[in-house]
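Note that subunit A is present in both complexes that follow, paired respectively with subunit B and with subunit C.
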Partner chain A sequence: MPMLDIKNLTLEIDNGTSRVKALDKVDLTVNSGEIRALVGESGSGKSLIVSAISGALPPQFHITADRMSWNGESLLSMSTEQRREIMRRDIAVVFQNPITAMDPSATLGEQLEESIPDELVKGKWFWQRRQSRRKSAISTVHKVGIKHHRHYLNAYPHQIPTDIGQKFMIAMALISQPKLLIADDPTRGMETTTKTQVLKLLTRLNQTRSLSILFISHDLLAISSMAHTMTVLYCGQSVESGRMKMLRKRPLHPYTKALLDSAPSFRKDLPPKSILPNMDGIIPSLKHVPIGCRLGPRCPRAQKDCVITPAVRRIHDHTYSCHFPLHMEKL
Partner chain B sequence: MKELMQVKGLLFRHSDTKRWLKKPEVFALGPIDLTVNRGETIAIIGENRAGKSLLAKMLVGAVAADEGEIYLSNVSYNAAKRKSTKSYNSSNDIRMIFQHSSEAMNPGITVGMILDEPLRLNTRLSEKERRSRIEETLRKVGLLRDHVYFYRHMLSDGQQQRVALARALVLQPKILVADEPFAALDPSIRSQTVNQLLTLQKELGLSFIFISHNLGIVRHIADKVIVMENGQIVESGKTETIFRWPQHAMTKKLIMAYQSLVPQQKLN
Partner chain C sequence: MIRILSRYIILFVLTLLVLAAMSFSLAYLFPGDVLTNLTGITAQNDIQRNALIKQFRLDSGYLVQFGYYLNELFAGNWGYSFISGLPLRDEIGLALPATIELASYAMLLAIVIGIPVGCYAGLRSYTPADYGINSASMVGYSFPVFWLALLFILVFSLELNIVPLSGRISLLFDIPDKTGFILLDILLADNIDRSLAFKDALQHLLLPTLAISTITTASMIRLTRRSVIDVLNRPYIAAARSRGLSRWQIFFRHILRNALLPILPLMAIQITTLITNAMIVETLFSWPGIGNWLIQAIYQRDYPALRVGMLAVASMVITLTILIDLFNRLIDPSREKYERATV
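Now for the complex of A and B:
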């Protein structure tokens, strides 16, 4: 049974006169012990899904979903306290912009110790508890690969470089020992060595503690090295979803193929300095979303039928939504 | 191939004087020697705080070095002396694209004015000539003539990147220095930018020095790779040689980290 199960999540934004669908019938499941990658370019609504799951949406956003449940309990119908309890204990979120997501008026050590749940703190007396907090803070900080804990635990968020901030966000998420980690672009702008370090850490946690991870990124190289399953989003619509291996070997949706082609590391046969295959045009903004399949205007295989939103089709556990998928050669 | 740029003994020192209970911070970059040939692409890789951005800034003269000389198309430039205007001579042959290209643009003026500024300050072209130069450059980077009336916020990420490229190209340089030009871009926009650069390089014979963390792209477009650690060049050479037979420990670390992510080819 999936841990996190989302079916037909639609998010509408009121902009005074009309409603814009920022997310249009997105399906997403995360099974326990699974690393699910959520891929999409900026403006595809990846971060909106994170906010929708964590319940951090402003009131002018309207969520409707057929199903949005955590371990069988519906997230939409539960009370705020219950939901907060789940967010506190079971789900941890690494936000996109680490420096702005932290409290600027407290040191990193204080923030990290604050996020340790009481039941994980050992000791009876306050000095024992304080020591235990300090100890687990230091060990978590070491675990994510920050060496000089004394320096950084006493620093304020504005004093640290971004990559330390990113690691710190991961530490803050991991210290409460969650069941699901939602990581919103945790490796953005990181150098390769640090990135592999973080990815290895996440993979190890997934294997040893069977932590489920929802990994949101557009770094396909990082994703393909660790994720088991992948969901591709484009402009608020889920485009294709399935096992990582299958998707990489044989993508069915033109957009997935274009995404995979855009990373030169995947292609050994590509001669150096050759032109990379890519899709023309840019991601449309929310004000001007095309009707039907939103990839339509950019898609090389688009035809008249593409103005109707394609239904989700399924081959085993591989789902896609396209009228003219790549395995149907005849157009 | 013709040598276009030669850097000799470029040195930068930064030292904080010792204060009460505070260790003195010493950072030294160089001495760095470098030659750039015509139409060549050089990638600078390394960890954070290795001095990559500083080196790029020193090459274009945005940061004054402490010692060293730069020869650009056989004219010598003293990289160190910047204070007195007399010994300061500028060149239009080298231009830079900054790290956050969209934030490096003035939001209050139009694209046309952004591109006009370097021309007004560095050339003696008349207004009409400047205008036609701007339009020509915009076309070159794949934008339209009408984009001169646009403000920064009206453009998408990829278009902003193109404007940054246009601003660098408007003075018709021979060498382009870019600090992480691909880092903040989405995959499809990124490959568009890479293609743009490759075609421009072919058309204009540009030399291109860039910093990147994305080793996949480095491997794809660079001719030569420079590896930096703690302000020193620890290894440099042809891209394939560096990627196949890394010698220095730092290079090995970087390449190994990259290789562990790349899917290995399987026999099936």
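Now for the complex of A and C:
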């Protein structure tokens, strides 16, 4: 049974006069011990899914789902208190922009220590507990690859470089020993060596502690090296989802193919000085979403039927929603 | 740290110097004799006049005169009042603490009521409770203070007759003046029934304090509410929520501090309004404060008193503003270390 199971998640934004579907029937599952990648262009609603899972949505967002459950318990029907407990103990989130996601008036150490759930703190008296908190903060900070803990634990968010901030966000997520880590673009703005460090750290945690990771990014190279499964999102619709290997070998959805083709490192057959293939047009804004399959206007294979939203089809554990999928003649 | 402090001290001294220069120039700008405006003494004959001119260096250049003026200010010789003939320093020494006392109680009331109510409205933003608080504070903010004070007098003193009309304390009590603050003086005084005097003083304080603090409280509520709403929309609050902290933990650890930090400099701006309001209200309640005293001075064309009174009030405002800004600088970690000091 999947740990996190989301079926037909729809997120509507009230903009006064009408409702816009920012997410349209998105399916997403994360199994225990798996690294699932969630890819899509900017504006495809990746971060909205994160906020929907963590329950940090503004009141004008309306969320409906056929199923949104954590280990079999429905996240939507449980009380705020239960939801809070799950977020505190089981799910941890690494946000996109580390510097704004940290309180500017508190030191990093304080913020790190307050993320520790009570049962992980040893000792009976408050000074023992404080020492225990400090200890686990320092060891977590070392674990994510920050050496000068004394300096950084007493620093304020505006005093640190972005990559250290990102590592701190990861430390803050890991210190509560969660079962699922939702990493919203954790390597954004990092240079390659730091990025590799962070990715290695996440992979190691996945292997040693069997931590499930929902890895959200548009860095296909990073994803392909670590993720087991991948879900592709386009303009609030999940277009294709399946095992990484399958998707790379035989993408069924035209968008997945375009996405993979646009990354030159995946193309061994690319002749020198040739033009990199890309899909024409840009992702539509939420004010002007096309009806039916939202890829329609940009899709090279679009036909008349594409004005009807395609149903989700499934071949083994590979799901896609397209009327005219690629590579079907071979199957 | 020392750099920050020295920057503030330099700013403070320079501002005071400019104020002193303006107050000195008033002696020339006011109608009438410069010598009389400067000293407050009307010379009876030429001999006395020449002696005074010599003493105040009026026969030398402006800079020398200003130097002597500064010297006298520091020495505590602020000149004499036209009307009472008393040294101005003694008169201001009596009047200024009374105003400070009134203003500080009003400020205290505004903080004690305004910040919690503002936080509540901010946390419950865009609900009926918030709308209620917001409109109440809007109404409170729109009252002209002189009208409100008159209304209070009419209702509570004249109609209901539950609080005294004017003054600081009933004439029955003879309170020796030690600190200038009536409540402290009562505690220090001997030979009187202290609890009775205290109660009487509080009754006298009630109406003026309420009249001044209504407006300050209202603006404090609005400032706090706005600031809390701003902080609530920041990504770090969403991040704190996603970490599963409880609502109280989020409020006390993340919202309160971040919401109050930007309010503090705005409070410094409120002080000017507060003292202006205090001066207006004093006149209505015959409170023996600096505002009442200045109004009397204006009526009686007491130019030396106006000159020194303006300097005293302005120095007080500048001192408080700079102190609050310095305090804010010390407690706010996100402010630049080498940012310039400002008033």
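We take it that the second predicted complex is superposed on the first by the 324 of 331 C-alpha atoms of A that agree within 3 Å, B and C clash if a C-alpha of one lies under 4 Å from a C-alpha of the other, contacts with A are read in each partner's own complex, and residues count from 1 in each chain.
Heads up, the rule we're going with is that contacts are C-beta pairs under 8 Å (C-beta built on N, C-alpha and C of every residue); 3 or more make two chains touch, one makes a residue touch a chain.
Bear in mind the structure is a predicted one, so any value in this text is a computation, not a measurement.
Trainee: Give one word, clash or fit, describing how subunit B and subunit C relate on subunit A after superposing.
Mentor: fit
Trainee: In the superposed arrangement, does A:D103 touch subunit B (first), subunit C (second), both or neither?
Mentor: Second partner only, subunit C.
Trainee: I'd like to know which partner A:S262 touches here: subunit B for first, subunit C for second, both or neither.
Mentor: Only subunit B; A:S262 stays clear of subunit C.
Trainee: Rounding in steps of 10 degrees, give the angle subunit B-subunit A-subunit C taken between C-alpha centres.
Mentor: Taking subunit A as the apex, subunit B and subunit C sit 80 degrees apart.
Trainee: A:T208 in the overlay: touching subunit B, subunit C, both, or neither? Say first, second, both or neither.
Mentor: A:T208 sits against neither subunit B nor subunit C.
Trainee: In the overlay, work out which of subunit B or subunit C sits against more residues of subunit A.
Mentor: More residues of subunit A are touched by B.
Trainee: Between subunit B and subunit C, whom does A:R89 touch in the aligned arrangement: first, second, both, or neither?
Mentor: second
Trainee: With the two complexes superposed on chain A, say which partner A:S79 touches: subunit B (first), subunit C (second), both, or neither.
Mentor: neither
Trainee: Would you check which partner chain A:S18 touches, where first means subunit B only, second means subunit C only, and both and neither mean what they say?
Mentor: In the superposition, A:S18 touches no partner, neither subunit B nor subunit C.
Trainee: Quote the smallest CA-to-CA distance from subunit B to subunit C in the superposed model, rounded to whole Å.
Mentor: Between subunit B and subunit C, the minimum C-alpha distance equals 11 Å.
Trainee: Identify the overlap between the subunit B-contacting and the subunit C-contacting residues of subunit A.
Mentor: none
Trainee: Of all residues in subunit A, which touch subunit C in the complex?
Mentor: 51, 54-56, 84-89, 92-93, 95, 97, 100-107, 110, 114-115, 156, 158, 172, 176
Trainee: Where on subunit B is subunit A touching in the complex?
Mentor: Interface residues on the subunit B side: 41, 47-48, 156-159, 183-184, 186-192, 194-195, 198-199, 213, 215-217, 219-221, 239, 253-254, 257-258, 260-263, 265.
Trainee: Tell me, which parts of subunit A touch subunit B in their complex?
Mentor: Those in contact with subunit B are residues 41-42, 161, 163, 189-196, 199, 218, 220-222, 224-225, 248, 258-259, 261-266, 268, 270, 272-273, 275-279, 282-283, 285.
Trainee: Would you tell me which residues of subunit C are touching subunit A in their complex?
Mentor: Residues 234-236, 238-246, 249, 253-254, 257-258, 261, 332-334.
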